[in-house]
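There are two complexes below, and they share chain A, which is joined by chain B in the first and by chain C in the second.
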Partner chain A sequence: MKIAVVMKLVPDLVEELEIDEEKARLDTTWLRLVANEPDEHALEQALLLKEQLDAEVIVLGMDGDGMDDLLVTAAAKGADRIIKLTGADGDTLNNHAVARLLEPAIRELGADLVMTGVQAHDDLDGAVGPLLAGLLGWPCVSYVSGVVLEGAGCDVRKEFPGGLVVEMEVDLPAVLGIQSAPQPPRYVAVSRVRQVMKTTEVEEHPVGAVDDRGAAEVQALRRPSVGERASMLEGDEREAADQLVAILQKAGVL
Partner chain B sequence: MTSTNVLDYPLDSGQFFASVSERKDGHRIRVCQQCGVCSGICPFRNAMDFPPQRMIAALRADLLDEVLGVDTVWMCVSCHACAAVCPAEIPIAGGLMTRVKEELVLAGEVPTELQEALESSQRYGNPLGQSPRKRADWIKGLEDDVTLLPKERRPVDVLWYVGDYGSYHARVTQTSRALVGVLKALDVDIGILGPNEISDGDSQRLAGERGLFETLAEQNGRAFAKHEFGEILTADPHAFNAIRNEYPALGIDYPVRHHTQYLADRLDDLRGLFVDPIDARVAYHDPCFLGRVNGIYEEPREVLRSIPGVELIEMAHNRENTLCCGGGGGGMWLDGFQWEKSHMRLSDLRVKEAVDAGAEVLAVACPYELPRFEDSTKTVEGAEGLLVRDLAELVAESMGAVP
Partner chain C sequence: MSRDIYVVVEHREGLVEDISFVGLAAARAMAEGIGGEVVAVVLGDGRLIEGLAADRAIVVEDPALSEYNPEAYVAALEAILADELPRALLAGDTSVGAEVAGLLSARLDLPLVNRCVGVRAEGETLGFTAQICGGKILVDGLLPEPTVLVTVVPGGFAVEEGKSETAPSAQTGPRPTLDELRVRVRGHIEPDVGDVDISRESVLIGVGRGIQQEDTVELADELAGALGGAVCASRPVVDQGWLPTSRLVGKSGRRVKPSVYLALGISGAPEHVEGMADSGLIVAVNTDPTAPIYDVAQYGIEMDINDLLPTLLERVQEAKG
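Our next item is the complex of A and B:
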């Protein structure tokens, strides 16, 4: 059983995000990148499956700033192989381009199961999984929060808003968009990462020409404007609290 | 293919014993007589499967797997009360308990709350998960009184290591600002590293993340080495302990003073600067890492006594018998976990004692204590009027030097 996990880096929201001069992209001057959280859950789910059965976990990511660190950390957590796809500019690729670059790599690896985070906060269209599945001709389930592998079958659990849980069986090979693993992504000690950094090679896999057709083009990026009905309370804490109490009393909730 | 078993986990009991013996004075663990005073004094003994004495017995019985199979070693707040009373002088807190935590960290067995603090320390250089670029934001309005060394490169007399909470925590930055006022009045030439400063790593070390500690220490060492200064000053006993006792082994060796020592050394100058009396009964809480671990008990008391109006009183537990605020050894980042296991907050016990002693002000000298004790004053009966103040804040107030 070979499980491929696709991971990427997204802007870290600990820094203020700035919009660049062209008003259609983030200013990358101070941008700090962090592993996409649902991708971390995809990795955790894969590692849990590895612990339960004899699976090989292969982590893939597009080359770019911080990808080596992300991959080495994944290896330190227990991934068996770490591969970066090189030769395409990872920062500017849309999901369509990424899915097209991943397809031949996944076929070459002979993966039985592909898992990726269901979405990333820098695009929110959750398209890599479905697009990749479409290209591979494999089934795809998104928003998965639990995976069980038994024999040749794969049972997945999916949570709907409003408290409904669906369990379904998926034929392998398949692509899964992971929303959350059954447990939080594990901690990896710094000394373990340091060791793995010395002993592990990040495999490089050159990719072909980039084809990014099909994606929506961002025309403008701006901060949400303050709505007309919002008003800011002025003054220190006490004055603000007094005003708040008056507003709540007027609204009849106090 | 990569190998993930690079750190030879798990060990057997014999190897584990040997690894404890490699720590400073660690060989003494072999002469433990099972007297049990360590477990008796441990503030969280009731919530531990293996309080220290039982842990040593279990390791002797080759039961390392059982010791590592439970999570209650995370109740250990590294208060060093056990080590202080041990007649065989076994380094129980810093040696044994920390080694067990290290094994759990290597195995990835870390409570989620603590994991967040450790990951933030890795990613941002501080356990609070704040932007490293904002580390000097607290000096806003005081730029003329503190030299931000990365901006204005020049030799200074004192390099002030501000620390994580002193830089970011809303309450503790007030202490930092008060200390600016005091140091300015004393005409001290101070510089800070701002965004080039990073967590001292001491609490992460005591929470079992030794590799992270070394990474953080090395980065601070490189930042220190870029500047010319006479000595390091810090208001954080954990930073003080790290720089004084742990950094030298990593080749980072600078003279360091805690602010209570610094102020005690400048007592003659201070006396002339006090203008407003603070008419209050003040109880001083000895921070574990200033007192028990580094033996500094009298300097803070001398400073407090010198403030006009202050009546210094003692709580039942003081000096080497001090009670822990609960923030050490990772406890600062394990409040939910420890509450779940014990339904007790160590800071409550201390605040109760302050109330019983008739204190009006609980004076502290560690950044962990301000938020912890202030939280407790909100729930402990009779503590409504108790003020919690860092010693620097009381000094600044009496000088009229609060910025």
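Our next item is the complex of A and C:
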């Protein structure tokens, strides 16, 4: 059983985001990137399956800022192989292009199961998971929070709004978009990552020509106009608590 | 290619999801601009066309479509699109719409735009506004021609605008063979019963990643108890296993509308906000003065929860006497 996990980095939303001068994209000068949170869950889910069965976990990412660190961290957590797709500027590709570059790589690996994060907050032309599944001609279930592999079968839990979860059986090979793993993503110490960095090689896999048809033409990025913001309660914790109590009393809940 | 705008109607347990009414409202704005019709696409249950603000409906009924199955939905929609390509096909940016739109985009080689919060017609041209980076950035662009797939998020169009007193005229769509599907529905896991139903509480204390430690959940729970309410949570807290999924508020959790929602250490991501924005009074406690939660809250306290919470609990208990 070969499980491929594809991972990407996204702008850290805790930081202030700047738009570049042409208003065409985010200004990357000060942009801090972090692993896309659902991807960490996809990796965790893959590693849990590896512990239960004799599975090989292969992590792939597009070459770009921070990818080596992300891949080595995945290896430190237990991924068997880490592969960087090189030859295309991973920081500027749209998701249709990414899916088209991943398709032959996934076929070549002979993966039985591909797991992506369910979504990243910066996509504009759809999530890679369903796009990739469509290109591969494989079934796809996304918004998954739990995967069980038994024999040739794959049972997943798919989430719907309102907290409803539906159990689905999926034929392999398949692509799954992971929302959360059954347990929080494991932590790995920086010292361990450093150690693995010395002994593990990031495999490089050159890709072919980029085909980015399928996304819209972007005219401009802008910030939303801020409506009325909250009025802030000033003072130390006692003063703030007293004001809040008064507000709760006025609202009739106290 | 026609000028019509199709909307995939998402439904569960006999009810149309609000996001589909949002989609119908967006479709109306597009269709009016370019002189097309709004067409509701209803898979599984033709009775659901009642109350949809559409000019007509395409209905496909088949046991395999009685509830959502990605394979069946994609096959049915492919058959409909093979009959005629509309100017746009809209779906919710949800666990149904996002999946179906991505699959169709790749399989039919149709462009896709997701996260749309606004659409506009400029002459024959259709423009969109999408929301990225947790709502911190808006992107304006043009919807590719001649046919585009679009997924919409809540916020730009009112649910009511997608509703109607009457039903659109219905036509039966093509019915592809839907056996040997590679995905099969096995069963439902309903949200845990026995636990609190947060959608019925009038006071909710929402806890987010900013609470940092599990112990704080207990403190928040005590505060909720003192106020006669309950604790609920954002996704990271539930993923951490600190509260059950039944307490999750937002896109993949419950929609709540308490008289008071106190958000502790919640940044205010759109996926969370869509579940609680309709609350009567929203008060947020967050150390980051730029956190988006302060856009929806009426009152804010820029303070470490660990400093505020014990004092607040004390004061609330005193006030109760």
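Please note the rule applied: the second predicted complex is superposed on the first by the 224 of 254 C-alpha atoms of A that agree within 3 Å, B and C clash if a C-alpha of one lies under 4 Å from a C-alpha of the other, contacts with A are read in each partner's own complex, and residues count from 1 in each chain.
One rule holds for everything that comes next: contacts are C-beta pairs under 8 Å (C-beta built on N, C-alpha and C of every residue); 3 or more make two chains touch, one makes a residue touch a chain.
Predicted model, so just to flag it, every value in this text is computed and none were measured.
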Looking at A:V14 after the superposition, I want to know if it touches chain B, chain C, both of them or none. Which is it: first, second, both, neither?
both
Counting only touches as set out at the top, which of chain B and chain C does A:L164 meet: first, second, both, neither?
second
Touching partner for A:T200 - first (chain B), second (chain C), both, neither:
first
Applying the document's definition of touching, compare chain B and chain C: which contacts more of chain A?
C
I'd like to know which partner A:L124 touches here: chain B for first, chain C for second, both or neither.
second
For A:Q52, is the partner it touches chain B (first), chain C (second), both, or none of the two (neither)?
neither
Partner chain(s) touched by A:P184 [first = chain B, second = chain C, both, neither]
both
Let me test your reading of the model: by the given contact rule, A:T28 touches which partner, first (chain B), second (chain C), both or neither?
neither
Using the superposition on chain A as set up above, list the residues of chain A that contact both chain B and chain C.
14, 184
Using the touch definition up top, name the residues of chain A that touch chain B in the complex.
12, 14-15, 30, 34, 75-82, 184, 186-196, 199-200
So in the complex, the part of chain C that touches chain A is made up of which residues?
12, 17, 67-71, 94-96, 98-107, 109-115, 127-128, 130-144, 148-149, 151, 182-191, 202-203, 227-229, 235-236, 239-241, 245-246, 248, 251-255, 259-260, 267, 269, 280-284, 288-290, 294-295, 297-303, 307-308, 311-312, 314-316, 319-320
Within the complex, chain A is touched by chain B residues 1-4, 6-7, 105-106, 108, 110, 112, 115, 118-119, 122-124, 129-131, 133, 209-212, 214-215
Note which residues of chain A are touching chain C in the complex, please.
11, 13-14, 16-17, 19, 26, 37, 41, 96, 99, 119, 121-127, 129-135, 137, 139-143, 155, 157-171, 174, 177, 179-180, 183-184, 213-224, 226-227, 229-233, 237-238, 240-242, 244-245, 247-249, 251-254
